[in-house]
Amino acid sequence: MLRFAPLLAIAVLALPVIAGLAGTLAPAFGYLPALGGSEISLEPFRIVLGQPGLLRSCLIALASGVVTAAISTALVALFVGGWSETRTFRLIQSLVSPLLAVPHAAAAFGLAFMIAPSGFLARLVSPWATGWTRPPDWLIVNDSLGLSLMAGLIVKEVPFLLLITLAALPQVPLAASNRLAGSLGYGRVAGFLFTTWPAIYRQIRLAVSAVIAFASSAVDVAVILGPTTPASLPVRLVQWMNDPELTARFMASAGAVLQLGVTLAALLIWFGLEKLCAMATMRLCERGPRFRADAGIRMVALLAMATTAIAIFGGLGLLALWSVSGLWQFPHVLPASLSLRGWQQTLPGIGDPLTTTVTVGLAATVLSALIVVASLAREQETGRSGGNRALLFIYLPLLVPQAGFVFGLKLFLVHGGVGANWAALVFVHLVFVLPYVFLSLSAPWRAFDRRYEAIAAGLGKGRGTTFLAIRLPMLSRAILAAMAVGFAVSVGQYLPTVLIGAGRLVTITTEAVALGAGGNRRIIGIYAFLQMLLPFLGFALAALVPALLFRNRRAMKIA
Amino acid sequence: MPDDTTAGLRLDAVRIRLGGQELLSVDRLVRPGETLTVMGPSGSGKSTLLAYIGGFLDPAFSGEGRVICGGRDIAHLPAQERHAGILFQDPLLFPHMSVGGNLVFAIPRAVAGSAARRKRAEAALADVGLEGFFDRDPDTLSGGQKARVALARVLLAEPNFLLLDEPFSKLDMQLRDQIRGLVFERAKRSRLPVILVTHDAADAAAAGGDVIEVG
Amino acid sequence: MKTVLAALAAFALSTTLATAAEVNPADWDAVLKDAKGETVYWNAWGGSQNINAYIGWVGEELQQRFGVKLVHVKLDDTANAVATVVTEKAAGKDTGGTIDLIWINGENFASMKRQGLLYEPGWATQLPNWRYVDAETKPTVTTDFTIPTDGMESPWGMAKLVFFYDSARTDASGLPDSADELLAWAKQQPGRFSYPQPPDFIGSTFLKQVLSEKIADPAKLLEPVKPDEFAGLTKPLFDYLDQLHPYLWRSAKAFPKDYPSMSQLLADGELDITFAFNPAEASSAIANDLLPDKVRSFTFSGGTLSNTHFVAIPYNAAAKAGALVTANFLLSPEAQARKQDPGIWGDPTVLAMDRLSDKDRARFEKLDLGIATLKPDELGPTLPEPHPSWMAMIEEEWAARYGVAN
């Protein structure tokens, strides 16, 4: 059984991606007999390239990918370099980590409420400081350059990269390197960037690539924060996919191929930037400047990090307040009255989406955990981790833009007679949940001190007993935490849920984005609140269960 | 005498390799109650030798040769059927169990009934001077106390032999002598063949018995 | 083995029989019987909470009265539902489709009708509650954007373009009374007017309103657009927009998503004039604490666009009987009166008051249409919807001109 676990994992990850890509590529070149396309042609591409403002849509998507990754990575590097091994670091770490659980859409809504001209920040300083009795006519949200879109992506990607970096830290001699660089007279940040960062970066490189892939193809965040004249490519892609004209389907597929190209271009630009940065660092290093006065840059990194957390938490707090507010006009900082009307109107209809969200999330998470644990157990048995190639498979669904293959996958499912059913939705979520569960669990799993198992075997215990009585309980915290991450990922899935659920299976997230279009902040508040509540419950449960189970075991609290 | 061939632990042309390169080879008999000390620097493969004998060799290494215990070759048995009592540098008490839980986990299945098993564990605790520690959280114990619990746990499983992987190196001087004395005394009392891996000459001296240098 | 085969054959036979037995709207008792236990997937725009709540109420009533389970599939664009049916037809899924009912009108209806994606003609006029429908004074209940409905969609509510302003901020005497006056007004109040970004259908409606006012010969709009005439006929519209855009909210670099977003912007004080396709929208929003109670309505004395919105059944719907029962219930005086209550939704009825019983008429007469709702005689003349082909071409041209930033 165990022997097939890694194969199963790879099948779960790679088959849908490959099938989906095939389902995208064929119609992009005019081939889809069911829709009357039986000849290979470049016509779909000709139509896509003729769309007005296409270049700009592509550039926004491209820039979102590269800029988001650059700023997020730089921020994480400077912060870890400037503050690792301090109390501030641990404080910020514990503040930022939960942000991983906040679905992108909820974070984007929260951010929009903060920074809009009629948003909370403007209200805080109006009218006493600004003289504004009405919001200024400033283009902030939905700006043409996609700056707020990038901001919305950055606040969500920074926590992700920070956590991946933290997981990589134990494998580098951070403290020793810091002391060594310090003793040679280097400033904290420079010392870290010169000695430790290159080793860390090698380990988080795939994760950074995943950030680029996600940011260059995000639909939900772009719908909420992105430009509209024109919208970024992934948003227009969804519009084309939904065009009632049959022929638009070919063009949309060609657009999806274009999206793949844009993401690939973003990755290539990034790899070029990597080389440039490495070269620049080397040059700098050779010249030997010590950069001792780095208090300024450390402060900037800290402030930016704290802003990330405050922006999302503040935004979510505001959403919660909006959900119970009566009329709340500019420039009032607080609503004039409170009202439960929104909740009363929403709650009766919340049952179905809530059930779908929870059951699909749980099923995908439990399945992922089983497959991941089995794969890791198999890896431990054979001593083969599969190395970088296996890691690439795991990152595959995160590297290929969702819009690029989920459409094709849907085509496969529809033509295969699989409608919008629960199992199909679980399967599609599994594709995205499994990588995160694997990435979260593999480090603690591999770090497990195998001498415990040697001792248990010496005590005459078989593999099964050792697994159940020693490894599982000792790793229970890590397993549950990985499952909580997986559950959060499932709750946040937008595009795959919309496409495979086909409106029949709706989750809190698809409802939130659909209703978010309506601009009723109270309703957005309610759904965004639910959207973040579920993952938080997951994390709380993951922390609480081991804490209760092992309440008198001090050593279990740290691990 | 039958003792020569069936009693004790015989390492018959045991070789450890890493990627085709031989790290060490041993060919010895360790009689009941005696200790074979293997000395060598880090990376010499001496811990790997213990892993080979105990049956938890990392797949990166390969080993060959017979390990004869009680008259049969155990080198191809799964680890749990070799009954190797193992002590590492760290006491490695299972952190999610109580002190008593650690001990009860080690008691062979033959001792039935939870009352009887608990009684056996409490007796073992008393035997290492830790009466009343049954319900304690292992993490709240001192280093010396943990080492004693680890020893008691190993002995409770009624092992056929002991594998000691620098078990005293992390203890401070005074404690080290004390625990070392206790371990060897118990091993002798139970007539267990012992293989000790160390780089501390004092360990070898305290153990008596043969010493082989590797690496 | 034989029995298994026999059982399988019987099963196969029974399923084909079940699908073969089409529902017949003329035999209403049979429809009711078939509908019991069915689940109706109703694809309807879900961007407004009060409408969603109303649909939720419909679902409860259907369950209670007819044993029909109603599921509201919330769309952000009705075109998505059309796309689903298109995909299903292409995949050969001619029965057991995933959509049973669509909230629809205009170009989406025209597109489905043209592609043969709709349930048989005439079902709508065979519904028992059709007798209450006002087909005489409301010609749009049978002609949807100039396209004859042929009974392939059942009217649900009336829409008329109405503008709103906050009387606490904006002086009623300076309000525009035509598209041209609106342009002048916008030049005086830069940044305080906008419209939802086409192809949002309220946004497209605004474009059609301007075109209807500015085009030299409005009769042209009632015929399918001729591509070679399009540029010349729509020049007044795009000249108008070229002038208007620099004075729009955000200088036309961004647009509100839809009319609820515009209401939010009116409440925030970002916009001074907004509009919706529902005369009671302001009253309804005030009742729901979404707008301040000083908001009032106005229209143009030269007339504003007006139309009817409908429900249609896809040709491959799995629960046709349930869909028919739902459509019929939506036409019931009780459901229509509730829909017209601004505290609930405020959407005007498609029924003729003189065809109702006294009791049913009383339901409507006792409605308080709300402080911000114009009386029927204040709503002004109605302008007809152009042929749907205009909408598609205008949207395309709009996207090419203004949908790409500069």
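Before moving on, here are some points about what is shown:
Note that the chains are named A, B and C in the order they appear, and that numbering of residues resets to 1 at the start of each chain.
Please note the rule applied: a residue touches a chain if its C-beta (ideal position, glycine included) is under 8 Å from a C-beta of that chain, and two chains touch if they have at least 3 such contacts.
Fair warning: this is a prediction, and the values are worked out from it, not measured in the lab.
Ranked by the number of C-beta pairs in contact, the top chain pair here is A-C.
With centres computed from Cα atoms alone, the innermost chain of the structure is A.
Centroids built from CA atoms put chain C at 37 Å from chain A. Per-chain Cα centroids separate chain B from chain C by 80 Å. Each chain gets a centre from the mean of its Cα atoms; for chain A and chain B, those two points are 47 Å apart. Taken together, the chain A residues at the contact with chain B in this complex read 381-384, 449-463, 466, 469-470, 473-474, 476, 549-550, 552-556, 559.
Note for the complex: chain C touches chain A at residues 41, 43, 46-50, 52-53, 56, 71-77, 79-84, 86-88, 90-93, 98, 108, 111-112, 190-191, 197, 249-258, 260-265, 267-270, 288-292, 399-400, 402-405. Chain A contributes residues 34-36, 52-53, 56, 117-118, 133-135, 137-139, 141-144, 227-230, 241-246, 249, 326-327, 329-330, 337, 339, 341-342, 345-346, 348-349, 352, 414-415, 417, 419-420, 502-504, 506, 511, 513-515, 517-523 to its touches with chain C in the complex. Across the complex, chain B meets chain A through its residues 51, 54-56, 58-60, 78-86, 88, 90, 92, 94-98, 105-106, 108, 137-140, 153-154, 157, 159, 163.
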